[in-house]
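Input: a single structure, listed below in C-alpha cells.
Letters are used for the chains, namely A, B, C and D, taken in the order the chains are written, and counting of residues starts over at 1 for each.
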Amino acid sequence: MSAPASMAAAAAASGADGDALVEVRHVTLRFGGVTSLSDVSFSQRRGEILAVIGPNGAGKTSLFNCLTGVYTPQVGEVLFRPASGTALSVVGTKPYKVNRAGIARTFQTSRLFNALTTFENIKIGVESRFSVGPLGSMLHLPHTRRAERESDAKVVELLEFVGLTERANTIASSLPYGDRRRLEIARALGTRPELLLLDEPAAGTNPAEKASLVELIRKVNTVYGVSVLLIEHDMGLVMSLAERLIVLNFGQIIAAGTPREVQQNPAVIEAYLGAPESDEDGR
Amino acid sequence: MTTISGEAVNHPERMASRSPAPGEGRYRALVRLSRNDDVRRFVISVVGGLVLALITGPEGNGVQMLSGINGALLHPHVFICLAVTVGVWVLITVRHHFARQVEHVSGRVMALPKAVLPDRRVRAGLWLALFAFAIIYPPTLNSFWQNVLVEQIGIYVLLAIGLNVVVGYAGLLDLGYIAFFAIGAYSDAYWTGMLPVHPPLHLNPFWVFPLAILTAMLAGVLLGGPTLRLRGDYLAIVTLGFGEIIQIVANNLQGVTGGAQGVINIPHFSVHVAGIKYHWGLSNLPYYYLILGFIVLALLAYFSLEHSKVGRAWTAIREDEVAAEAAGINTLKYKVMAFAIGASTSGVAGVIVASQIGFVEPGDFTVQLSILILVLVIFGGMGSLAGAVVGAAVLQWLPQFLRVHPLFGYNQLDLYIYFGAILILMMIFRPEGLIPSRRRRREIVLAEHGVGSADAMESGHSGGGLAAVANPEADL
Amino acid sequence: MRPATKRLGLPAAAAVLALATFGGAATAATAHGVSAHAAKPTYTIAYEGPLSGGNAQLGLNMEYSVKLAIDQANAGKTFGALPFKLRFQAADDQGSSTQSPTTAQSLIDNKSVVAVVGPAFSGATKAAEPLYHAAHLATVSPSATAPALATQHWNNFFRVVADDNAQGPADAEFAAKVLKAKSVYTVDDASAYAVGLVGAFDTKAKQLHMKVIHQEAPGTTQCQAGTGNVQQYGALSTQIVSSKAPVVFYAGYYCDLALFAKGLYAAGFHGKIMSDDGSLDPHYVSQAGASVADGSYLSCPCTNLGNTPQDKAFATGFKKMAGFPIGTYSAESYDATNTIIATMKKIGAKVTRPALVAGLHKIIYNGLTKTVHFQKDGNIAGSTEYIYEVKGGKIVELGMASQLIAKA
Amino acid sequence: MCFTTNFWPFLVQGLADGFLYALIALGYTLVYGVLQLINFAHSEVFMSGGFASYFVLEALIGTSQPHGMASVGYVAIGIGAGAFGGALVAFLLERVAYRPLRRRNAPRLAFLISAIGGSYFIYNLAGKEFGRNALEIPAPFLNGPAFTLFGATIQTDYVVVAICAIAMLIIVDRVVAMTRLGKGIRAVAQDAETASLMGVNINRVISQTFVIGGLLGGAAGFLFGLNFGVAYTMGFTPALKAFTAAVLGGIGNIRGAVLGGLLLGVIENLSVTCIGANWRDVVAFGILVAVLLVRPTGILGERLGRSA
C-alpha cells in the first residue's frame, strides 16, 4: 500500500505503547487531483504533548481537520480512545460529536465569537456539556438554573486559569492578540477535552506573550491532564514543550521521534533547508 | 426618456459630460467631478426625487404607453419630491463637511449600542410602560381601530416575534413563514370539525393551540431538518417553494381542506372551566387581550431563550459555524430548533385568526404575506424583540392610518413599493434596524470590518467559511 | 324646474355633510349621520369590494355604479323627491378575506351607514358577514356567487346575482342541447368561484349523459395579483385536443381564458369554447385576439344592457363619471343600490338598519338587469341566465339561456 | 405509463418551456458564479425585458400584421429591446441594491433581503406605471401550428423560441469560454481575491456579469411575453422555475443551467398528464427540494470556472 520509507516513519510515529489516546491509521485525503495527506499514521499517548511540524502546505491543518471531523479522508481511520470501550471512529463523525467525545481545538487564525464577551465565549464551550433544552430555558426550570450556576462557576475557574478574569466582560473582538489565543484555549478547555489540538497557538505573539503561552500549555497538560497535539513553526517553543515530534512534508510523515532525534534526521534537514517554503498554506 | 432630461435640467455638469470633451483636461475634470462624493450624492438625490415622484404620482395604465410615468413627471408634485430629496442632500452635505471628524466608523462599534439602550432597569421600565399602555389604551378606541389592533397589528406582532427567532436569532432566511400560519389555521378548522375530513374528537379551539403548536413545529422540523443542512440561500428558496406548495395543496385537496372555497363557521373560543363560562364572540377586545397574552408569553419565553444556552448557541452559529461546531454545538439541531420555534409561533397566530374570523381560504396565505412579515422584522431590527414589536406595530398601523387619512399621494396599491424600498434602504443605511439588538449591532459593524459573518448563510452543518468543507472533492 | 328652496338647502346640506365627514374622521362616537338640525336626515350607502390589489378593475366597475345611483337619487332623477339625503362611502377590502373584517368594521362603526353594496367576493363575504349580521346591517352583493352564503342564516345577506348553482346547470344544458355536444372538457381556475361553478356544471352535464373530463388549471398572475403559471395552457390544450372533446367549458376569468384560448388555437383545437361571467369582458377578445376568440360562448346571469332609455342613460352616465365604459357587474351594482334606495324610500325618513333589512325582504324592484325580489335566504328569485357569443371581435348577446334551449 | 399517449407533444412543449427556463437560469448561474449569491430580483429583470419589448413593438407594429422578412426583423427588434431593458434593470439593480452592500462587506443575509426588496420595489412600481392588466405584445408573426413531427404539432412560436434561445446560449457559452470578458468572469468565479490581486477589476466584472444575465433574462422576457403577454407579476413563477433549473443542472455551471432548464420543462409538462395540471408547480418545487437534498451540486456540478 505505501512506500517503504513512509512505512518506517509510520512505525516510528506510532511507536507508542498500548495506552494510546488517539490513533491515526493510513489516512489519505485528496482534494480533486491534489493529495493533501498521504498514508499518514501515528498515535499519541494519553497525557503526552505531541507536536506536528513541517513547512507551509505540508498538510498540518488538514490533519487537524481530519482529526476533528471537519474533513472526511478518502482512506484510513482515526480512532479516539482505541483501547477503551467508548472508542470513537472520527472519520465521518460530525465535528460537534468529535468535540463532545473529548477532542477540542483552536484555529490557526483565532475564531472567536467576536460580538460576545470573554465570559460568554468561554460559557458557550462550557455549557455545550450541559443538557439544557429550550423549554427549560424558557420556563427557568430548577434544573436549568442549576446548570447555569455550575457552568458559571466553571467559566470563572477557567477565566482565572488562563488569566483573563479582568477581561471577563470585554468584547472578544477588542482583546489583544495574546489574550485572544488564551481565550480560545479557555473556550476549548471548557468543553472538557481529553485531547486539545492547538493550531499555531503562538503565531503572531510577542516573546513575552509566547513565554506565558508556553507556561499555559504546560499547565493545561499538568493541571487538567489534557493531552496536547500542537502545530507550531516556532522551533524553540516546540523543543521546550513537546515530548515527541512528527514531521510532515507534502502530506507524508518523513520523521518522528523525540526533538533531539528529529533535529538530526537528514530528511528533516533537507525538507527545511533543501525545499524553500511554498506559498500555499495548508487548509 | 423623461428621466434623463429631467436629470439634465437639474444637473448641468452631467449634461456636459455626455457631449464630446473638447480637451483632455476638461474631460478629466469632469471625471474627477463625477467621483466627488458630494456631486455623486447630488445626482443620487435628484434621481431619488424623480423615483419618489413616480411612486407617489398617479396610477398609470397599459392603454396609453407609459402614461403613468408621463403623468407623474408632469405633475407639480415632482418639484416637491425633488425639493425633499435635494433638501436631504443639503443636510447630509452640510453635516458631512462640518462633522467629518466626529463621524468615524470605529467609534460606532462600542459607543452606540450603549447610547441607544442605557440601562437594564430603564429597559424593563419601558417594557412595563408599553405593557400597561397596551392594556389600558385599546378600550378607548372605536371598534374599527380595535379590529385593526387585533387583525392587522396584534397578529402581525406575534408573527414578527416568531420570525425574529428564525431570522434574527439564528440568521436563517425563511420566506415560507406564512405556511405555518396556514397549518395553524387549518389545524383549527380540522380539530373543530369544520373540514370535510373529520377529527377523532371535536375540540374547543383553545385545545387546538397545543395541537397546532405541535403540528407546526413538526412541519418545521420536517422541512428544516433536511434543508437546513444546505447553504443559507438555498433555504430561502426552498421555504419560498414550500409556502407555494402549502397554498396549492390547500387549494387542490378539495376533499381534505375544502379547497378554494375555504372553510366557514370555525367556532370562536370559549371557556367552560370550573363554573366559569366565557364565550369569545364577535367583539374585538377579548381577542385583543388573548393575543396580548400570547405576545407577552412569547416575549418572556424568547427573552429567556435569547439569554440562555440556546440563545448563545444561535449567536455562535450566526457568527462562525465552524468555531461553533468545534465548541461542541450541534449547529443543525439549533437551526432546526429556531425554525420550529418560529413555526409554532406562526401556528398559534393561525389558530387565533381562524377562530376569530371563522373563515379560512387558501388565498389568504400568499408569499407576499411572508415577505410582509420579513419586512416587519427587518424594519424593527433583526434579533431584537423590542424591534419586532415596534416595527410590526408601526408598519401595520401606518397603512391603516393612511387609509383613513391619505397623505401625499398615498395609495393602498403602492404599499409594497414602499416596503421594497424599506428593505433596500434598511440594508444599505441601517441594517441593524430601528431598535437594534446589541449583539446584532456589534456583529454587523464587526462584519463590515471583516470579522465574523453575522448570519448563518455560509454553508451547511459541518462547516463555514471554507468552500470545500462539506465536500473535500469540490475544491482546494 | 329646480325650486329655489332646494338651492338654499344645498349649502346647508354641504355644511352638515362636511361636519359629518369631519366627525367621522375624528371619532366615530360623534358621527351620527342623522343630524337633528338638518331638515332631512343623511344616510350612507357604502360599497365594500376590491379597490386595490389584483382585482381592482372589477371593484371599480361596481364602485362607480353605486356612486352613480346615489348621485342620481339625490338629484331626484330616479326616485323623485326623497325624504332623506344619501351619501356614498367606498371601503377597500382588496378582495381578501383577511382584510374584509377590518373593512366591514369601519363601515359598521360609521353609524350613518344603513346598507352596504357588497362585499364583492365570496371569500370576503364569508369572513365579514358575521360582523354585518351582528350589526343588523344589510348587505346586497352584486357579485358574490358562492351557494354557501345563502345557507348561513344571515338574514341581512342579499344578492342580486344568481349563485353558481343556477349558472352552471344552465351552461351544461346549453352545451348539451344547443351545441349538441356528447362530451365536454371542463377546466376550472382553482378559484372558489370557479370550483363551485364547474361542480354544478359537471353534475348537470352527467345528468344529461355527457361525458365529462375535468381538469384544474390554477389561475395565473394576469387577472389577479397571484403567482400562477401562465405556461400551463400549452400542455393542457394538447391534452384537450387529443381527447377530441368538441366543447371546452372554462370556469374562471377572462385573462386566463384568453391565454387558454390562444393555447387551444395553437394546438389546433376546432371545437367550441364556453365560459362564464368571469370571462364576459371585452379584454377577453382583445387579449386573445379576435381570430382566436370568435365563436366562443360566454354566459352570465346578467344581461347586456339593451336599448331601453334607462339602459342607455345608465351607460352614458357611468362613462361620464368613471371615464371608462361599464364592465362586469356594473349594472348589477346599480340595481343593488337602487333596490336599497327604493326600500329606504318605502320606509320613509326614519331609516334604521333593522328596518332596512326587514324592508329588503319584502321589496320588489324593477331593475335594469332583472326584477329584484329576494327569497327568504337572500338569493334572488327567478334568476335568468343569458348567453353571449363572440362574433367578429365583439361580444353579442344571443338571449336568455332557457329560450335558446327551448328553441333547440 | 401515463405519459406515453401524448409523449411527443409534451416533449416538444417541455423543450419550448425549457429553453425559456434555460435563458433565465443563466442569469442566476452567472451571478451565482461570481458572487455566490442568488439574485432574487432576477425575476424582475425578466419582467422588465418583457415590458421593454412590449413598448417598442407596440410603437413599431401597432395593429398591423407583419409577415415574411418583416416578422424576422420584428422578432430581432423585440429580442434587442427585451435584452436592453433587462440589462438596464440588472445593471441598476447591481448598482443600487448590491454594490453599496458589497462595499460595506455586509453579511450575506443583507444581500438576499436587499434583493427581495429590489424585486418587490420593481414589480410593484411596474404594476403602478404600466397597469395591473396583462398587455399583449403585438404579434410579429401569426402563431399557429407550423408542422407536425412524430404526431406532435409544432407551433411557429416554439420554433422561434428554440432558434433564438439556442443562438443566445451558444453565444454566451463562447463568450464566457473565449473572450477577455469571459476570462475575467471565470477568474472572479474561481477566486475573487486572487483575481483582484492579478489586476482584474472585480466591480467591473460583476457589473458585466449582471448585464449579461440581464440581456438573456430580458430577451427571455420578450420570448415569454410573445405567447403569454406581459404583466407586472409575470416574473415570479418562471424565475422560480428557472432557479430550480439552475440548481438541477448545477448552479454556477452554464451548461448545467441549459440541461436543467430543458429537463425541468419536460418533466413539468409530462406531469400534467400524469398527475394533473394543478400539481404542476408542486412537481417543480418538489424537484427543487429533492435535488437539493440528494445532490446539492446538481447534475453537472457547481463551478462556473471549470464548466466552460
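Simple rule for what comes next: a residue touches a chain if its C-beta (ideal position, glycine included) is under 8 Å from a C-beta of that chain, and two chains touch if they have at least 3 such contacts.
Since we're looking at a predicted model, the values are computed, not measured.
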Contact-connected components, chain B excluded, all else fixed in place: A | C, D
Furthest chain, CA centroid comparison against chain C: A
Between A-B and C-D, the pair with more C-beta contacts: A-B
Chain centre separation (chain A, chain B; CA means) in Å: 42
Whole-Å gap between the CA centroids of chain B and chain C: 36
Rounded Å distance, chain A centre to chain D centre (Cα mean): 48
Residues of chain B touching at least two other chains: 244, 248, 251-252, 367, 413, 443, 474-475
Of all residues in chain A, the ones touching two or more other chains: none
Junction residues of chain D, two or more chains touched: 127, 133, 236, 278, 281
Chain pairs that touch, as defined at the top of this document: A-B, B-C, B-D, C-D
Contacting residues of chain D [partner chain C, same complex]: 5-6, 9-10, 13, 16-17, 20, 127, 132-134, 136, 139, 143-145, 153, 155, 157, 227-229, 231, 233-234, 236-238, 269, 272-273, 276-278, 280-281
Interface residues, chain B side, partner chain C - complex: 142-144, 146-148, 151-152, 244, 248, 251-252, 254, 259-262, 264-265, 281-282, 284, 353, 356-361, 363-364, 366-368, 400, 403-405, 411-413
Chain A - residues contacting chain B, complex: 29-32, 34, 36, 68-74, 94-97, 99-100, 104-105, 107, 111-116, 120, 123-125, 127-130, 132-134, 137-140, 144, 147-148, 171, 173-174, 187-188, 190-191, 283
Contact set on chain C toward chain D in their complex: 54, 56-57, 187, 190, 215-218, 221-223, 225-232, 234-236, 238-239, 241-242, 255, 258-259, 262, 265-268, 283, 286-287, 289
Complex interface listing, chain D residues touching chain B: 37-38, 40, 55, 58-59, 96-97, 100-101, 104-114, 116-122, 124-125, 127-131, 133, 135, 236, 240, 243-244, 247, 278-279, 281-282, 285-286, 288-289, 292-293, 296-297, 302-303
